[in-house]
Structures are given as structure tokens and as C-alpha cells.
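Okay, so chain A shows up in both of these, paired with chain B first and chain C after.
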Partner chain A sequence: MEAHPLIAGRRTREGFRDRLGYAATLLSVAVILVAVAAIYLFVFSRGLATFFVNHVNVLDFLFGTEWRPTLTESEGGPKFGVLPFIVGSFIVTFFSALIAGPIGIGAAIFMTEIAPSWGRKLMQPVIEILVGIPSVVYGFTGLTLIVPFLREHAGGLGFGLLAGILVLAVMILPTVTSISVDALSAVPPEIKAGSYALGATRWQTIWRILMRASAPGFVTAVIFGMARAFGEALAVQMVIGNGKNMPTSLLEPASTITTVITMNMGNTVAGSVENNVLWSLALLLLLMSTVFIFAVRWVGRRGRLMSR
Partner chain B sequence: MTAKIVDRVMTAVFYLIAALLVVLLVGLLGYILARGLPKLSWTFLTSPPQSLSAGSGIGPQLFNSIYMLFLTMLFTVPIGVGGGIYLAEYARPGRLTDTIRAAIEVLSSLPSIVVGLFGLIVFVYYTGWGYTLMGGALALMLFNLPLMVRTSEEAIRAVPHEQREASLALGVSRWRTITDVVLPSALPGIVTGAILTAGRAFGEAAALIFTAGMSTPRLDFHDWNPLSPTSPFNPFRPGETLAVNIWKVNSEGLIPDAKEVSAGASAVLVIAVLLFNLMARFLARVFYRRMTAAKL
Partner chain C sequence: MTDSLTSAPPRPVWVVDRWSETRALEEAEDRAVSQPAAEGAVAIETRSLNVYYGDVHAIKDVSLKFYRHEITALIGPSGCGKSTYLRSLNRMNDTIPTARTTGQILLDGVDVGRPDVDVWALRKRVGMVWQRPNPFNKSIYENVAFAPRFHGVRKKKDLDEIVERSLRAAALWDEVKDRLHESALGLSGGQQQRLVIARALAVEPEILLLDEPASSLDPVSTAKIEELLFELKKRYTIIIVTHNMQQAARISDRTAFFLNGELIEYADTKTIFTRPSRKETEDYVSGRFG
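Coming up: the complex of A and B.
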């Protein structure tokens, strides 16, 4: 008896299709694996060239405070100190998370505890649209709204770390909120019911029960927000003023790792020291992003252990 | 009694925070649209940019953005759905699957500028293409694959297991079951995921500066031959998108009306984002109705 044409056998056409389909999906996954491996490989090999090919001292690079890549050797040699940019990156990341963290978590609590029906229906699209707005539009708004405002009310040029912090805070707010909502939704309702049954008010339940139960989730939310802030390039570049010196106040023009790469990568010749140094900055950025990813995984694992 | 007062005060605080977010969004959209909408006209949307004087249009950039989106989705959707099928249907718990999931997680959290720099090495230098729309589309594909894979996997997993079993019990092959039974049911979720991905790709700029470039050659819109260097449809030409243009005119500051031009371009981007969002919502609802009605 002959098998039905749709039934897979090893030698039928259908069986061939079956294996071909499987191979195609495996290939799609392979694209991602190869891409991630290649990203690390290429950025590492280019980024390390500064130290192994151009023999720039790693410590001078990481802890130097002078960035003068075009200085000739008779004038004291080119200087590739990137500490001001590293500090800039950490300052904008830390402060924007400090602003967006509490507000985002608060908005998430509003959506899940205070007004779970209409509040969620209203806020969900608000957050989705805020996430969807392109970063250049945030940058442009910062440039035409926040910078002039700071110039008038805080003094200075308006361009600077503070402008970057404010723009980033708005940008990471929806990220923090939506991950916090997920964390709060995962809290078993029995725990809350138990708290209310003991006569606790809503705020007592939120503060004493929910804040503890979803603490790992909130930490994850803030780390994701920080990762986004640390890696954002264009919006920050448009408002931060691109100063090259060690920042001494939040109102001064400064730079971050990403803004320096953005500004200079196109103006330097591939293979030159000036260019390789930018790749070393990219390597720093990649390493820092990896740290954020591992931090999220670690917190997630800890959270699961705690709830067990 | 104080516990109740504290509770009331904190409730008010939470209302304030929620109101802040709504005001933020409404203010932001209102500002962009109020500044940008008056600028929008047929001439602005279709005329070419000026390099030094006022009166720039955004015609070529708008075209580049749409064409780039098309190219990006051409790669992202099949590969993303393929990855989603693998993870939902074939992957078994183990080291390989863990590695794949970790890779997707890493790729989704990498800053877009890092993906752009990778694109610069591979699609610009290594292939010898220089700045091209194709390179930009491939970089955007890498950037958007995690989202596409994740949404497709979720949609495929949501298909009831009985449907697969029924199909397999009839002797239908695994792959046929996937393509003819599972994918049609998962389609609404996949389409919603694709639209969300498209919205993200449309506004992305950092990954494109170093891959698709910041210029557009003189385009002849009557030339439809995709191999001709002046044809807008040639994927191997530099192509600055709208989002890149907003960044460029503001950071270069060569044209006197940079702010007005970017206000117009920003309004176009924001309207596009809103449309993508509405479309995803609308389609999700339509599909949902159809699917639930079909069960009756």
C-alpha cells in the first residue's frame, strides 16, 4: 500500500520538505548566533588594536583626563585619556535612573494596584507610544525645549550633563515602567489578600508586601533602564554640548562614550590611532552592556531563589 | 488613624505620577505636532534637501526611510519567524537552547550604535559596498531580530497543543503541521510583532549613520532600474533616512532653517509611530474577533 502523499516518510517528498523546513529554522537561529559572536569578535579585535598595535598604555587610556588626539609628538604627543567620557556616561546613566526609577515604579504601582482597570487601559498605550518615539525626536525636543529652558533658568549654555540626564530620564521611563508592571503582576494575589485580611491599608500592603515581593523585578527594571541610558547615542549627543574636559558641574558641556564615538568615527581614517581609540571606546561600551546583561540575569536568578 | 491618612496621601501621590506620565506624552506629542504640522506640505514632503541654504525638503529621506523599512522587513520577518518556529517547535531544553536564548538576550540589549559599528566593519568595509541602503537594512535586521523572534515564538506557543496533535494524528508531517495549522493560527500575533518591529526600525538612526550613510545621491524618480546608480530603487546606494537627517542637520548646523526642517521631519516620524501603534492595536483586535468568532 502506498503512503498518503502528506505522510512523512524518510524517502518521500514530504519527508524531504520536513527536513528542509527544520534546516531553515535552524539557519535563522544560526544567523543570530553568528551575529552575536561576530559582534564581540570584531569589536574586540579592533578595540584591542589600540593597545597591541599602537601601543597606547591601557592605564593612560582609561585614567587619562586629557583628550587631544591630534596633538603632534613635538607638542607632547597625542593624548587619549577617556576618563572624562567614562565619567560622563556614568553620571548621565546614574542620575537619569535616579529620576526615572521611582517615577516608573510609581506609575507601575498605579497601573496594577491603584487603578488596575481604567488606569491600566489608559497607561498601557501611553507607555507604548513613549517607547516608540524615536530617540532623535527626544533629542530634538531636548535641543529645542530643555536646552533653552536650562540656559534661561539655570545659567550656562544649557548644553550639558543635566540636559542629557533629563532627556534620558524621559526616554528610559517607559522601559522602567513596563518591566515594573510585569514584576508587580507576577506577585501571587494570596499574599496581597493576606495583608488586607490582617487589616493593612493599601499603602501598607504596597510598601511592606509588594515592594519586597517585587524588589528583584524593580532592580531588573532599573538596570534595563540604565543599559538603555548608557548605550543611547544621538539624543544625548544633541544636548550634552560635547565638551572634552572632566565635568565639574552638571551644567557644563560634557561628553559620553557614545557621543564621542558618534562625533568622531566618521571623521577619522580607518586603521589610524585616532580611529582605533574610538573602537576601544566601543569595546568599553560593549563590555559595559555585557555587565548590564549579566546583572539582569543574576538578579533574575536571585529573585527566583528568593521566591522559592 | 494615621495609617489611613498616609494611605490617602500616597494614593494621591500615585495619581500624580500617573498624571505626570500622561502630561509628558501629551505635551511631547503636542509640542512636536504643533511645531511640525504647519511645516508639512506636499512640497516639503517631496522636494530635495538644500546643502547650505534654507528651504530644504525631505523627499529623498522620506523615500529612503520607506524603502529601507521595506528591505529591513524583507530580511527580518522570514528569519525572525524562522527563529520563532525553531524555539517554539523544535528547541529542546539543553545547552544549545540556553545559548540561543542568551544570544537573543544579548543582541536585544546591545546599544544600537554598537550594531551600527559592527555594520560599518562588515557591510561597509568588509564587503566593499561602502555606505548602502542594503548595509543599513542588514544592520537594522540584526537590531530587530530579537524582538521579531520573541513575538513570533510567543504567538506560536499560544496556539493550543490539541491543534498540533490533531494534525500529527492524521499523519501530516511536522513541517506541514507548522505551516498549514500552527502558523495560520499564530498569524495575528506575528503580524502585530512585525508592525511593532517596523515602528522601531522606522525611527532608528544610530545604527544607520555608519551603515547607510548621511547622504543621498541625486535620484531620478523616473529611473526604475534597480541596478542604475541614480535609481531610487538601487539598494546599493547611500541612503540617509528621516531619523538620520534630523540628527545630521542639527549637529552640522549648515542650513539656517535646521530647526524647522527637523520639526517637520520629527512630526512625520511621530505620526508614523502613532500609525504603526494604532495599526498593531486595530489588527490585533480584528484578528482576535475573527479567531474567537470562528470557535463558536
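Coming up: the complex of A and C.
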């Protein structure tokens, strides 16, 4: 067939580049998908083995309060009750978000509304620095400053839930702040102008217009912060005291799901029950992080619907 | 009244007084079948007003008087400063960090450009509506009740009354009275714009600034807004920026022509459109540029 210049189609050099670019981006997506699928598959298979291969009772696992993995069978063990760790995770997550939420949102309002020029110039790098500090440094600082402080002024060993909460609150503060800043910046300026033109003061505008309009963004910010707090292992492990019993006060040593995994994974043999139980904990973490992600997406969708 | 801007008594008291005062005025008006205001009563005036954005001299030495119960149109090509000028009248330029204003803005003989003026009280008396409708993400009712609420009206009955009166004044009541508590964002563009006007009327301003209020609307909605402005001018002083020559000619009593930040000509609308004294004005209104 006679080749017409317009029908050269895919044989041209441009056509080749086009396909090459397509292949490259497709490959990137494939790598990500495979990685995620592999993690889910692996964690699920190992995590569920505890219950299906080792026949640990799911209810004893989730609601048991005794963690004695080395107890011999003649003594009635081993016992794999992880409720204290689940409770520990939720307590540190909830209270650190309770501290970081209002502070982060307050800082965001300051940066966007009160002093948008110098406030932002000063705070943006500060937040980036906070994000970039490795968690071991947070843990070390908490160990050196917060733990002795609590020991002196609050009693107990200093190690415990409260120390973990304080370290985590500082760690998630930049997350909460920067997402809140984004939410506030997304409020259209003409809405603000509309409020000012009606004789509203800055405070009335912030309180009655901006806060309402940014509420879904704030919820997203706090959920992201909670997701980070829930998943953080190292810094928490350094200050929480790693007690194995059900915590009865914030000053008592306790554990979280993540700290139990990092504390024990070096001491167990792959394939053993102890090891599989840790994978079950990892599965719990994975499920929780999935819940956080869906919560964020749900809030985001709701927020868009509300502002339509 | 003259001193209320500079030395306002505690605001809630003042607000309540103004409300009862306007209500009394209204009743008097109803009895008297709205008399047109005395010719030449100045509502607001600028003397040698200059506005700078950073190094840009956006408004150059503009002196203008706006008369009560009239519609004054500000016309001119894009970027001529007419919107900037409009925004300076209720000090909305204050919200732009780089803006700087010199000269006087006289409302009731008080220079409201002074730094010690209560800008919130000023904006309550000089309302503003923009080109794009900007209703709040709230119900129709809450949009209108928003400003009266923080200006001190608390009773539900009073708020209901204000909402109905404002929506009626903005010719929107019949269209929305059955869905007052639905989101304002579900209204059409034209309805939203009338809602924004109702929202501005809810604080009973004396002067209404309109920045191309109909330019994002379809012809039917535009006609409704224009009709509404005719109605509103009986009770308010209206200053409108418009790109639309026919609109300026149709609705305004006086027209000011701006070019490059300067006031070129200010006269009766009829004069501006038929016998302008400046060549630039003639060129512009006859469509030769801009």
C-alpha cells in the first residue's frame, strides 16, 4: 500500500516515543500495585495463620488481657491476649490528637488569617523541620526531657502512656497544621470578602465562616494525624515503658500494637506461633490504617458535597 | 448619627437603636408614599482620593459626589480603576495588604478614611455586592440572618422578620419562601445574586456598592436585577460598576467615566451618552475603544 504522509501512524518516531512514555508510566503504576498487593497478601496470610494454623482463638486474642507468649502448656499457656496493646494504641492516638488538633488548627488560623505574611514565613520552615525530624530523635528527646520531667512532677517512673502521648502530639502537630493550612487557604477569598463587607470583624469571619467552611478539612487533618500516631513505633517505644498489663492510668508503663511488634520481632523465629501472633498484630494495624484512609476519603467526599 | 462612626456607643445598643430607627422610618415612608429625596443631598463623597497598590498608582486624585436615592454608574475599560475606586468606598481595600489610600472619603461629613474609624460600622452602612455571587455555604435563611445576628439581633421573631423583608426587597421571597432552610448553593446564579443583595440589605445599609452585579448572569436574570435596582433606589443610594454601556444608560441617573485611574468625566447619564464634553468619553461610549 502506498504510504501517505498522514497515515504513517504509529511507525513514526513520535509514535514510538508515545508508546514508550505510556509503557514507562504503566510500569510505575504496576510496581506500586504489586507492592501494595504483596504487602496485603503477605500480612493477611501470616496474620491469619495464627488463627487457622496455630488455632489461637480469635476472641482470646482480641479480648484477652494476658500476654504471656513463653508460658508453657503445663502452666496453661501460652497466652496471647493483646487487648492491653490495642487499648494502649487507641489511648495514645486519641489523646495525642486531642492535644495536637486544637493547637494545629490554631496555628493554621494564625498562619493564614492573623499574620499571613510573617506568620507563614516563620512557621512554614518550622513545620517542615518538624516533619523532617526522624522519629528516633523525637523518642530520644522525649526520653531525655519528658520522661524525667514526668517522673519529677507527675510521679511514677516517667515512662508510660502520658510520655507517649506528649511525644506523639508533637510529632503529629506538623501534619495537622499543614493540612489545616491547606483547608483554610482553599476557602475562596470572595467568601471572606462577603463577610467583611457585611461589617463582620476578622474574628466573626474566622469563627462563623472560615471555621465552618474548613471543618471537613480539619477533620481530615486530625484523621491523618491519628493515622500517623497509630502507626508510629520507635519514638513511642522509647518512652512508653513497654508494660504488658492493661493500663489503669496514664502514668503507667504500657505498650501499643506497634511497640509490641518492634520489641518482640527480633526474639521470635519465623513460622512460630509467637512470630505469627506478631503478624496478626500487623494485620490489625493494616486494617486500622485502611479504616483511616477510608475515613479521610469519606470526609473529603462529604465535604465536597456540602460545599456544592 | 454623624459621630456614630468615630465614637460609637457600645455596639449592640447602637445596632438595636438603628433597627428600631429604620423600622420607624419605613413606616413613615409607607405612609408618605416614598417621597424622592431632596435634590442634591450627598450620600457619600470622595475628595482627592488616591489608591496605590505597591508602586502602582491605581486611582489618581478622584473627587466625586454621589447623591441620595440615585443610581450612579461607574464605567470605563478594564483596569481603569473603577472597581478599585468602588472598593475604597467601604474600605474593602484595607483587606489587601499592599493597598494604600490617601485623600478623603466623606460619609455624613465624616472622613471614613481615617484610621480611627470603625470600619465594621462603616461597612454596615455601605454594603457591597460582587460580580460573582458569593453566598455562604449555609442555608438561604442563614445567609440573610448572618449579619443581623452578629450585629446584635438575637430574637428568632426579629430575625424571621428581617429575613422575609430582605428577601422581599431583593425580589426573591416568592421563589424561596418554601425552602428557606435549604442550601443557598442550590440556587441558580441569578437567584444567588439576589440572595447576596438580600444579605446586604439585611443590615439596612444606606449605600449599596455593586461591582458588575449582572455580568455573570443570563439576560433574564440581568433584567430582574435591573428591575430590582430601580426598586431599591427609592430607599438606598446605589453605585454600580458596569462594563455594559446599555445597562449604564438604562438604569443610572449619573455616570462617571474612568480611564487609567483618572476620573475623565462625571455628569447626568443622558449627557454622558449623548453630549459628552471629553473626546475620550465619546470614543468610549460610542464603542471606539475599550
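Descriptive notes on the structure:
The criterion applied here is as follows: the second predicted complex is superposed on the first by the 288 of 308 C-alpha atoms of A that agree within 3 Å, B and C clash if a C-alpha of one lies under 4 Å from a C-alpha of the other, contacts with A are read in each partner's own complex, and residues count from 1 in each chain.
Quick note on the criterion: a contact is a pair of C-beta atoms (placed from the backbone, for glycine too) under 8 Å apart; a residue touches a chain by one contact, two chains touch by 3 or more.
On a predicted model such as this, the values are computed, not experimentally measured, just so you know.
Partners chain B and chain C fit side by side in the overlay (superposition on chain A). A count of residues in chain A touched by chain B and by chain C gives the higher number to B. Judged by the touch definition given at the top, the superposed model places A:Met238 against chain B, while chain C stays out of reach. For the combined arrangement built by superposing the two complexes, chain A sits at the apex of an angle of 100 degrees to chain B and chain C, based on C-alpha centres and given in steps of 10. In the superposed model, A:Val29 lies in contact with chain B only, and not with chain C. In the superposition on chain A, contact of A:Arg212 is made with chain C only, not with chain B.
By the touch criterion defined above, A:Ala193 lies against chain C but remains apart from chain B after alignment on the C-alpha atoms of chain A.
In the superposed pair of complexes, A:Leu145 makes contact with chain B only, with no contact to chain C. In the superposed model, A:Ala97 lies in contact with neither chain B nor chain C.
Judged by the touch definition given at the top, the superposed model places A:Thr201 against both chain B and chain C. Of the two partner chains placed around the shared chain by superposition, neither chain B nor chain C is touched by A:Ile172. Minimum C-alpha separation, chain B to chain C, in the superposed model: 5 Å. Residues 201, 204 of chain A lie at the contact with chain B in one complex and at the contact with chain C in the other. The touching residues of chain A, when paired with chain C in their complex, are 116-117, 188, 190-201, 204, 208-209, 212-213, 306-308. By the touch rule above, chain B contacts chain A in their complex via residues 3-4, 6-7, 10-11, 13-15, 17-18, 20-22, 24-25, 28-29, 31-32, 35, 78-83, 85-87, 89-90, 99-100, 103-107, 109-115, 117-118, 120-122, 125, 142, 145-146, 149, 171-176, 178-179, 199-200, 202-206, 209-210, 214, 243-244, 246-247, 250-251, 259, 262-263, 266, 269-270, 273-274, 276-277, 281. Residue ranges on chain A touching chain B, taken from their complex, read 4, 6-8, 14-15, 17-18, 20-22, 24-29, 31-33, 35-36, 38-39, 42-43, 46, 103, 106-107, 109-111, 113-115, 119, 122-123, 125-130, 132-137, 139-141, 143-145, 170, 173, 177, 201-204, 206, 224, 227, 230-234, 237-238, 258, 261-263, 265-266, 270, 279, 282, 285-286, 289-290, 292-293, 296-297.
Across the complex, chain A is touched by residues 90, 92, 95, 97, 120-124, 127-128, 130, 132, 134-138, 146-147, 150-151, 185, 196, 199-200, 203 of chain C.
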